[in-house]
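A, B, C and D label the chains in the order they appear, each numbered from 1.
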Amino acid sequence: MGKGRLEAFSDTVIAIIITIMVLELKVPHGDSLQELLPLLPVFLSYVLSFVYVAIYWNNHHHMLQACTTVTGTILWANLHLLFWLSLFPFATGWMGENHFTAAPTALYGVVLLMAAIAYYLLQQAIIHAEGPDSILKKALGRDWKGKLSPVLYIVALLSGYKLNRFS
Amino acid sequence: MGKGRLEAFSDTVIAIIITIMVLELKVPHGDSLQELLPLLPVFLSYVLSFVYVAIYWNNHHHMLQACTTVTGTILWANLHLLFWLSLFPFATGWMGENHFTAAPTALYGVVLLMAAIAYYLLQQAIIHAEGPDSILKKALGRDWKGKLSPVLYIVALLSGYKLNRFS
Amino acid sequence: MGKGRLEAFSDTVIAIIITIMVLELKVPHGDSLQELLPLLPVFLSYVLSFVYVAIYWNNHHHMLQACTTVTGTILWANLHLLFWLSLFPFATGWMGENHFTAAPTALYGVVLLMAAIAYYLLQQAIIHAEGPDSILKKALGRDWKGKLSPVLYIVALLSGYKLNRFS
Amino acid sequence: MGKGRLEAFSDTVIAIIITIMVLELKVPHGDSLQELLPLLPVFLSYVLSFVYVAIYWNNHHHMLQACTTVTGTILWANLHLLFWLSLFPFATGWMGENHFTAAPTALYGVVLLMAAIAYYLLQQAIIHAEGPDSILKKALGRDWKGKLSPVLYIVALLSGYKLNRFS
């Protein structure tokens, strides 16, 4: 499969994800500005997720530029990443509707974490296919940041869970 | 019509199908983790359908690589396949909401079966257009697997139906 | 603007229209096959609209192949066509939910008619831009069929309306 | 990142926005033509927004033709524009459902204003990246119109708000 179609398919899926998230902003029935107030947390969670998905789209592009051939592993690693991104609208909606309380925020964190892991796996699949001298491997260097961020997500999730149990 | 536009159109439709399936995961109103429990079968059916649609997208690509010209028959055989794939979100949602009970699961099986038949017809249309020496025909060989899978679907459906009547 | 982007934009809009029409097939709550019975007219109207939109997509492609340059008029004539196509999901849903009764079916007819007129206007805009020797003009010949179909739609609508008043 | 992918991604997002706006036209339950009457303001607001989004899509294309390289600033300025455009379905739906009363119309105005500002910022980002001799800068000239339109939006919003308070 050509890289072009993989890119185009991923772009379309990401464009749909980023757009249907806005459907969680349900049109209120009244017509005063106060009606918008309860929508504020939903709006904020939408902004947050819009930025996250935009960052993934951006990084996804840069990473694929270093990819010259699409193997079966890369294809499925990419679909795995799209799967977790596709759960953003649900996790965003639940967190926004419940004003960032513990459980919905934890679920949001889990989805973020799984997307980060899926991204990492896709990166490894591309490096593996390109060989030890791949541009991507050199560009990443030892990449402390990339490996650390999933770990930090887990720490944040666990401590958030703990704090919550004792409060 | 160029093959490129047929591919791009199919990709967009498949990307939308795979993404709107997630809309069946309705955001729950409460904010405890228990609220997610009743969503589990919906989530599982989403995962299942995501994988199925992804396999179709993947195979669709490989098959079209062997296609050099787009005839009217290929065009409509492709739209026929997209039609059955477009029923995945409905069948998935119904099966998930009813915890995989008999009738919804049977409907899901019927949609799978029809998509498999549509795929087979598209394959035949391409082979017919490419002639007896087409790459696709050679790649498929006698293709026991492809012809058998719809038959197995039917057997599974009928026996499932029978078992259900006597239980 | 290049023709490629006009085609790609139209393809994406049409792909979304054809796919979101299926959202009118609301997942029933019960799990018996009888639950699907009331959905039958919705399903039939979906099949009908799927075929209509597919025909438009198909014809749209063939017509644009004869187009070499995109003027402002062509651009807006195309957006005008997409506007009427975008009303298909609404008209389809209303007609399906009301089992093809008079008013919803008339509205469906009006949307079909407006789309046919918009298509005709787009055709004229392309012929105008291409000049009297355009491939499209020659391909169409005198095109009785194209000019007649909107007229027939109007006759059908009016007679349907009349019949209904006296029944 | 290539300009092609930025264009394709923006096109897909805009195509989805223009299409999901129609989902605010909820299918009525009755089957008489009178049922459509309360939908008229929703329909009118849909037409209005369709035209606005179409104008943005059109101008976006022309502007990007003058863009030769995609910097990080252009990328994010573009995403910023898409963010405000993505709020069109919500603002359109609220305004239509409330028959163009004060607060929903003001919100619609705010979203229009923010999109106009985002468009202006994207323009500046491209001019900055292209240098003082860019085609875009020359094409725009002093561009009184572009700079004036956000100012006029603000004046309209404020005076509308004032009039409303005294009425």
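Keep this in mind: a contact is a pair of C-beta atoms (placed from the backbone, for glycine too) under 8 Å apart; a residue touches a chain by one contact, two chains touch by 3 or more.
Nothing here was measured: the structure is a model prediction, and the numbers come from that model.
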If a chain touches subunit A and subunit B alike, it appears here:
none
At the subunit A/subunit D interface, shared numbers over all numbers used: above half (same) or below half (different)?
different
Turning subunit B onto subunit C by a C-alpha fit takes a rotation, in degrees to the nearest 5, of 90
Separation of the C-alpha centres, subunit A versus subunit D, in whole Å, is 26
Rounded Å distance between subunit A and subunit C, as computed from the means of their C-alpha atoms
37
Going by residue number, subunit C touches two or more other chains at 8, 12, 16, 20, 23
The answer for subunit B against subunit C in the complex is residues 1, 5, 8-9, 12-13, 16-17, 20, 23-24, 75-76, 79, 82-83, 86-87, 89-90, 93-94, 97-98, 101-104, 106-107
Contacts from subunit A onto subunit D in the complex sit at residues 7-8, 11-12, 14-16, 18-20, 22-23, 25, 27-33, 35-36, 47, 50, 54, 57-58, 61-62, 65
